[in-house]
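Shared between the two complexes below is chain A, which pairs with chain B and chain C, respectively.
And now, the complex of A and B:
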């Protein structure tokens, strides 16, 4: 069963940036890539309890604002120390200017 | 202000205070941050290769020139000033380069960060794997007793140790012991608390490479019948360490521990341009801890942006020591004493619910 949740509008996020989205006690990070695609991952770094939405987006990488942990936000892949565990990703679609993420995956 | 703690601090990472920090929520806590808009923070965090390429070229080329002059003048008194300057670039500037490149913020280009990180780690004799992880912990649990592996001045202060470290003596000794232990394939129980298991073999591999370099250097010195190779590689960690200790002690010395606000446990000191070059702007230390992803070259801008919310910086190194040394002496008699930094009227107040008497009482 699909469970698409409206996270924000497309205009809420600048290109090559990220924003935080909280839903039912969980926190997510919504990304807009330099080529204007949207992605979503869990909102907390897998290294420690730090919100990735305060981090820096460079191309397809999100850097954690605390320890420089780096993930490919498109795949969730951890890119090296101090992060060793991949980030969970979620399907995203944009409809009528709204960014929707699928949480039932 | 005198805080109240029930017993002497236990700085072991596997000891009583470590467990207490976890139980009371001091470990991996949420820290205070000055409000900075997302737009401004993105601009501050933006990476740029230019400043670090310029500074690294100056740093390494200066070392080459000074080393050549020192070698040419070897045997005369005139080699001394060149080696002293070379030593500071080797044994002190490497500290800040290790640090900044470890954060991955110095350069925009990843391999440049990694290359300078490895070179600087070798010079400062800090295993690049071990210290990457220990520094991550230092930022998670800054000056949290039993959690932070990088507390330079524990309470009560060991003043002899501090003096010896101006010449790198104890640090280098421990670094050699750690290198030999790691090279033999052993990772200590404390190291295992912050280095993930899959990373530990890397620490061993690096230690073995370094050991080979030092053995080759000693062999060359024996072959030449001269200490010169060691004056160039290894010994500068001793005779050039004084500047990084001089500046590094000011980072947290004499300030609060077991708090979750970097304004209370870190010190910003305004410094001369030469020291700032050697130290890569880490004199803006409150700012660095509050926002560690801001590159060193952007810290003066960050300082200007948030100074309204921070304690006034010390106007110089000497002023910092005038404040810090009496606090060390007082901590010899009362290890709970610390300097509480006053905030300007424009600042948001300290959250005493997290580190006032109530919080301290909760830790007892």
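And now, the complex of A and C:
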């Protein structure tokens, strides 16, 4: 399958952190968890379309920088007001130090 | 359970009662005719959007049904009979309660000079916002009285709509309350750059109307004409109902750390209540902030169910003007020394330390959400009552997250 897109290298993101990745007019957020796994979600908060990559990662939570809405970035689940719509998540794999995300699904 | 006031706080409380397992009846009573909606966009997006702005609702009819919450719109509670444990409505009907939450919010402070003028207005509700928005036209002359958050956000919005704008502030600078001078200066400079006439240290002497416009007279004799005058000089808590019921009132409805009034069956939360802030040794404050309304709504609900949990959170708010984002966590006036940390892109954070070195507040400004992450980390340090090394706070190459781990 050719729909795996290279988003960044593993070294680009610190542990327990997030990075923005733009691709063909869409924007994503790529996460590295405290236990060193990688995840990807849509890049914009479902409340006011704010870039989540400016937010804070704590354990498996990404907190929106604008009004502190929280999502579990592993499942995309919205954790309560002010966010009530879940984030879409995407499969991620790391190959030869590169972080790949699968977009079409 | 009866909740009076269907703003951010009341709605949160209603849902939190269900989330915490309460199976009995919940009635949420709101004086406004709309479904509950968010107020922060009213001075921002709703003023500048190309299209007619729909209210950004907090909860839908469907969600109320799903959670079995009975929501009464366009209904005012006019009395509380504490002996009979009943709330009384304008039409004379009543409803028995077990526990009541007062989430009645705040309303704009009235400027006595302006009571006779039909060109003067205030912003609190969605309907207010629509009326003001209709007047923000290219070429219109807008005067804003009060250089606080609402006044300045409206000034930025009016400029975006092409109106000419004068802001009149009686204090020596804008944002006197809660924002340090170094940050207020940046905001003032930005407004000047965008063409807002910012006049601080003025004294008003009168406002008079003719058919089309208002004339504002200053104490030094100068006068200004405006098509519309928007007054944003602060808000007063809505306490009349609580007062008539004989509850203790100060700068807001007085509650203890559990958000309970002096009647154990009645709680108050959000913009209407004055509560002890535990991180500052119980200093009594009243906040007018969105996240606080949500957090207190949730906490009040839990305590109405008997959990008796104390309020512990750190105050936090934001403001957006042009592309500038301001965030403050904690109360800056608790600090005596300021440490600055530059974040690049013209963004910086000021850390406010108490005289013993404890971190008590942090305020930051920058483009977009540039300060958000570090303000949030600072908030966690404040909540922990941390004494961070000032040199570390100032050094932008030392991550704040690492101080949290220490």
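What we mean here is this: the second predicted complex is superposed on the first by the 103 of 105 C-alpha atoms of A that agree within 3 Å, B and C clash if a C-alpha of one lies under 4 Å from a C-alpha of the other, contacts with A are read in each partner's own complex, and residues count from 1 in each chain.
One rule holds in what follows: a contact is a pair of C-beta atoms (placed from the backbone, for glycine too) under 8 Å apart; a residue touches a chain by one contact, two chains touch by 3 or more.
As the structure is a prediction and not an experimental result, all values here were calculated from the model.
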Simultaneous placement of chain C and chain B on chain A, clash or fit: clash
First, second, both or neither for A:68, with chain B first and chain C second: both
First (chain B), second (chain C), both or neither touched by A:91: neither
Chain touching more of chain A, residue-wise (chain B, chain C): B
Residues of chain A contacting chain B in one complex and chain C in the other: 54-56, 63, 65-68, 81-82
Contacting residues of chain A [partner chain C, same complex]: 16, 50-51, 54-56, 63, 65-68, 81-82
Contacting residues of chain A [partner chain B, same complex]: 17, 47-49, 54-56, 58, 63, 65-68, 70, 81-82, 84
Complex contacts: residues of chain B adjacent to chain A: 28, 30, 38, 41-42, 45-47, 103-105, 129, 132-133, 136, 139-140, 196, 198-199, 291-293
For the chain C and chain A complex, residues of the former touching the latter: 12, 15, 38, 58, 290-291, 294, 316, 318, 368-370, 372-373, 376-377, 401
